[in-house]
């Protein structure tokens, strides 16, 4: 297939599936809390809605940055889709993309001039310190498999069995990362916590918000995709879908049942988890 | 004569340096320290001379007084400030009394 | 909750240098038990200490052979294929340096440090990019210091007005 | 005549003793005494550089030490003058 | 090739949900959860789930078409406005599941 | 002339390597432990110097020309960071005090030293050092000449430097730095002109470092003559 | 072990004497990202922080002054360039120098502000940056002593010894201190409370990208395979 068409196809799938997964997550949380919950399609509809709303810019914003940052957010996750499902490229690149995602989060918060955005920006710095170690799970994978290419990691798993059985602690770390990135009422997601309104998105309206929401959907899809690929190996698209739905439902349940931690505690929880995960995995690798 | 073997430039300079350093550590007053510092520097220059790097020794010899002067300026200034502060403090105390 | 308080205290800026230095100290302690293996095949070798001085060489300790503008000096560099005129800078001597070298035996360091010599070759040519960075560091630090000095620490009177 | 080992171990001695003196020497509560004590390890470093015949680095180091000293003294004096408690 | 078909399924799910949402807002005006079962929705759900899971029962139609149609139909029920369409979905899924089990066990 | 470069590192350096590294580690350790329990910021600043010395020993212990070339960056970095951070510390304390108390003496005490040496020595020293530094060129010459200028500026009794002169000097240093960059590029773009590159690099760096060090001396004089504005 | 194992395809090298820069897909992506952000920073204005005042109906506005804006923008651009350079350099010592440059410039970017708390954390961060020169240069020197080279192309081919691993650990601690990651993040996060969003983003950008790059460097040195 044509590479361009492949990219377009995968990005569209990522966007649609990600949006619907968010809907499922909200539905699960709502049912746990004995509410009817919004329709599953709600997140997608919101995204669409923002594109036909009027776009306004705050007078205090840092101008080119404020607009461009949303486009960059979109661009990096499209790049992630290219690295991931399309070309099965190096994992280290995904790590870099995640690092830039943290930066974009930070700057989307601070460039608007809103105090809520500013708080979210400071928290983004905090959480970057915690989420990058979690993402360093990829290094553990490298230590285990000896390769950074996704295609060879998949081949390795076809030969030696799924990595989730050999590296359960690493999988735990990655789940913690996914929880910290989940959108609604996550215990660890301090940048979008509801005590600072909408975090870094507070001052982004109209088109810009639409872009952010598209990127969020792709982000969610990509995180789950990386998890499934790296820990379960090659799956059929149907299995990917089912796996994603299950993971999303699980995380929805976790979010519905846990309190929201304060920033310090959230960060240190993540760091502690990362520490346990990294050290534990390395010990398990050498002694078991 | 094994004792006399030790009297060459290297050993003497090393001894001077060590004496200087002990002096710096042991003497409490900054001015004394500066004097001992000159001793340390002297030993050091002797050591360079023993290694036959005359130009380096010359440069070190020029920088030695410079650092001494800088130290002196600093110490004197600090002294002045401290005295002034004490005076102010005692004045304030006097008012209180 | 004890753990929570510990976590909070770790986030105090004033404590961070201390935490850092403790962690670094612990790692440095490990350095005493790690077997240190020194590889004798280094690049840019030096003759043994004091060897050249004892030979009464006027360029000691930086004589690396070669003759000015004619014959390059010899030394082991990492990538000779990327350097066309390797060794020429090392062997270069300015006229003053030649004059000095003919009069005295003990000015080798000054002769070397004037343009030409192996350190200049490393600093400007084969590892010139390092020097770009280190002089930029110097420049940036003084930009910061002068800016703060000009706009704040030295203009107190104006701010009072 | 020049003994490399003597030079080196004198340097090591000065370095270690000097740094210990800087850390817990007598009267180091006073910043100026502490910064004066740092001169001892700096001479120790100079001797070690001399041992390895790093004379260009030695020359630079001697000059740089003067500048560093000057910066530190300025900071100490200024802070004392302000009455800052740091 | 496979991913393209999945794109079609997902699009059909999304479109179905939107259609279902719009229609259900037309049909029900009050925002309460209704305990009684809507027959039309039930029929849609059963047909949809059966088509989506048991496409092998109708060998004449290519399986991707039947799945697409099935997904569209059950998505209409899932996507109904909050509080509606839950029982219908569950029943439809159960019926389709029973048929699927029977089919796989019997054959 | 003999070609005196050996094939392997001399045994003296090899035998000194482990003691040297241990010394470096030990000195670093002492400094770090001191910082760990030290409470006052200015003391921490002084103690970071010790840690820097540990680093210098570790680099010097390699004992090759390359190691020597690497010491210079280390040295410059130490110098630069101490300069920037001490300035930062002072500005922080000043802002802090401005807020809390108003009785602080803000006008600096002038240097009132009647020392003979401060009248005659500076010119002499400064001239010697600048000439010697110019002969040395590069970093080394810059540091030597810079220390000379610094000393001269510092010990003059008159106070107050016009801000214009300061800014002019800084800007010159920046421009000279660009010259230096051009010199570096010549080595790779036009290797046949390596002589020109060498001289641009050597003297560009010399002037830049000397100016910077001299400016530190100006900072030491506590005040600006406010002619601008 | 090969450089391409980690970063994907090798796209080219830039030799500058002994220092050889190299570009793989991974390096190129981060290099481009750093440059894009640098260009954006050079173009953008700063934001104004507007907060409501207590007790009245007025707003309180925090702005970046013109002088401050100029110097901070200059330093930010340098920081961006240094980050971009650190992404593609193929020489160990060069990398450490880039990291140090980033560290000092980061301090500079916040040194121009007026808030005491921010200055305080900048000072603490500066202290860490100074301490970090020991592990950075010391680690590089250890690796040089153990392998006899500083070029990563050569180091990847040398089987790693305990000393090299120790050196790489030192290097990582140095980078962690210099760029302020966990658990040293607190000094850094406090620095972000001031105004001037485009300049603050480069601080964050540089530290994260450098950490990602440092992981690559360390895997290249210590070679688990």
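Per-chain numbering from 1; labels A, B, C, D, E, F and G assigned in written order.
Basically, a residue touches a chain if its C-beta (ideal position, glycine included) is under 8 Å from a C-beta of that chain, and two chains touch if they have at least 3 such contacts.
The structure presented is a predicted model; accordingly, all values stated were derived computationally and were not measured.
*Asks:* Looking at D-F and B-C, which one has the bigger number of contacting C-beta pairs?
*Replies:* D-F
*Asks:* Considering only mean CA positions as chain centres, point out the chain farthest from chain E.
*Replies:* So the farthest one, by centre of C-alpha atoms, is B.
*Asks:* Specify the chain with the shortest distance from its C-alpha centroid to the centroid of every protein C-alpha atom present.
*Replies:* G
*Asks:* What whole-Å value do you get for the distance between chain A and chain D if each is reduced to the mean of its CA atoms?
*Replies:* The separation of the two C-alpha centroids amounts to 51 Å.
*Asks:* Using Cα averages as centroids, what's the distance between chain B and chain F in whole Å?
*Replies:* That pair's centroid distance is 21 Å.
*Asks:* With chain centres taken as the means of their Cα atoms, state the distance from chain A to chain C in Å.
*Replies:* Comparing mean C-alpha positions, chain C is 44 Å from chain A.
*Asks:* Taking each chain's centre as the mean of its CA atoms, how far is chain B from chain D in angstrom?
*Replies:* Here the centre of chain D sits 11 Å away from the centre of chain B.
*Asks:* Chain A: which residues touch two or more other chains?
*Replies:* Residues 267.
*Asks:* If a residue has to touch 2 or more other chains to count, which residues of chain B qualify?
*Replies:* 51-53, 56, 59, 63, 66, 70, 73, 77, 81
*Asks:* Can you list the residues of chain C that touch 2 or more other chains?
*Replies:* Counting only residues that touch two or more other chains, chain C contributes 10-11, 17, 21, 24, 31, 36, 38, 40-43, 46, 49-50, 53, 61, 108-110, 113, 119, 125, 127-130, 133-134, 136-137, 140-141, 143-144, 148, 153.
*Asks:* In their shared complex, at which residues does chain C touch chain D?
*Replies:* Counting only chain C, the residues touching chain D are 46, 49-50, 53, 61-62, 108-109, 112-113, 119, 153.
*Asks:* With touch defined as at the start, can you tell me which chain F residues reach chain B in the complex?
*Replies:* The touching residues are 109, 111-113, 115, 117-118, 121, 125, 128-129, 132, 144, 147, 151, 154-155.
*Asks:* Can you check the complex and tell me which residues of chain B touch chain C?
*Replies:* 51-56
*Asks:* For a test of understanding, state which residues of chain D touch chain F in their complex under the given definition.
*Replies:* My answer: residues 4, 8-9, 12, 15-16, 19-20, 22-24, 31, 34-35, 38, 41-42, 44-45, 48-49, 51-52, 54, 56-57, 59-61, 63-64, 66-68, 70-72, 74-76, 78-79, 81-86.
*Asks:* Could you pull out which chain F residues touch chain G in their complex?
*Replies:* On the chain F side, the touching residues are 17, 21, 24, 28, 32, 35, 41, 44-45, 48, 51-52, 54-55, 58-59, 61-62, 66-67, 70, 73-74, 77-78, 80-82, 84-85, 87-89, 91-92, 95-96, 99, 187-188.
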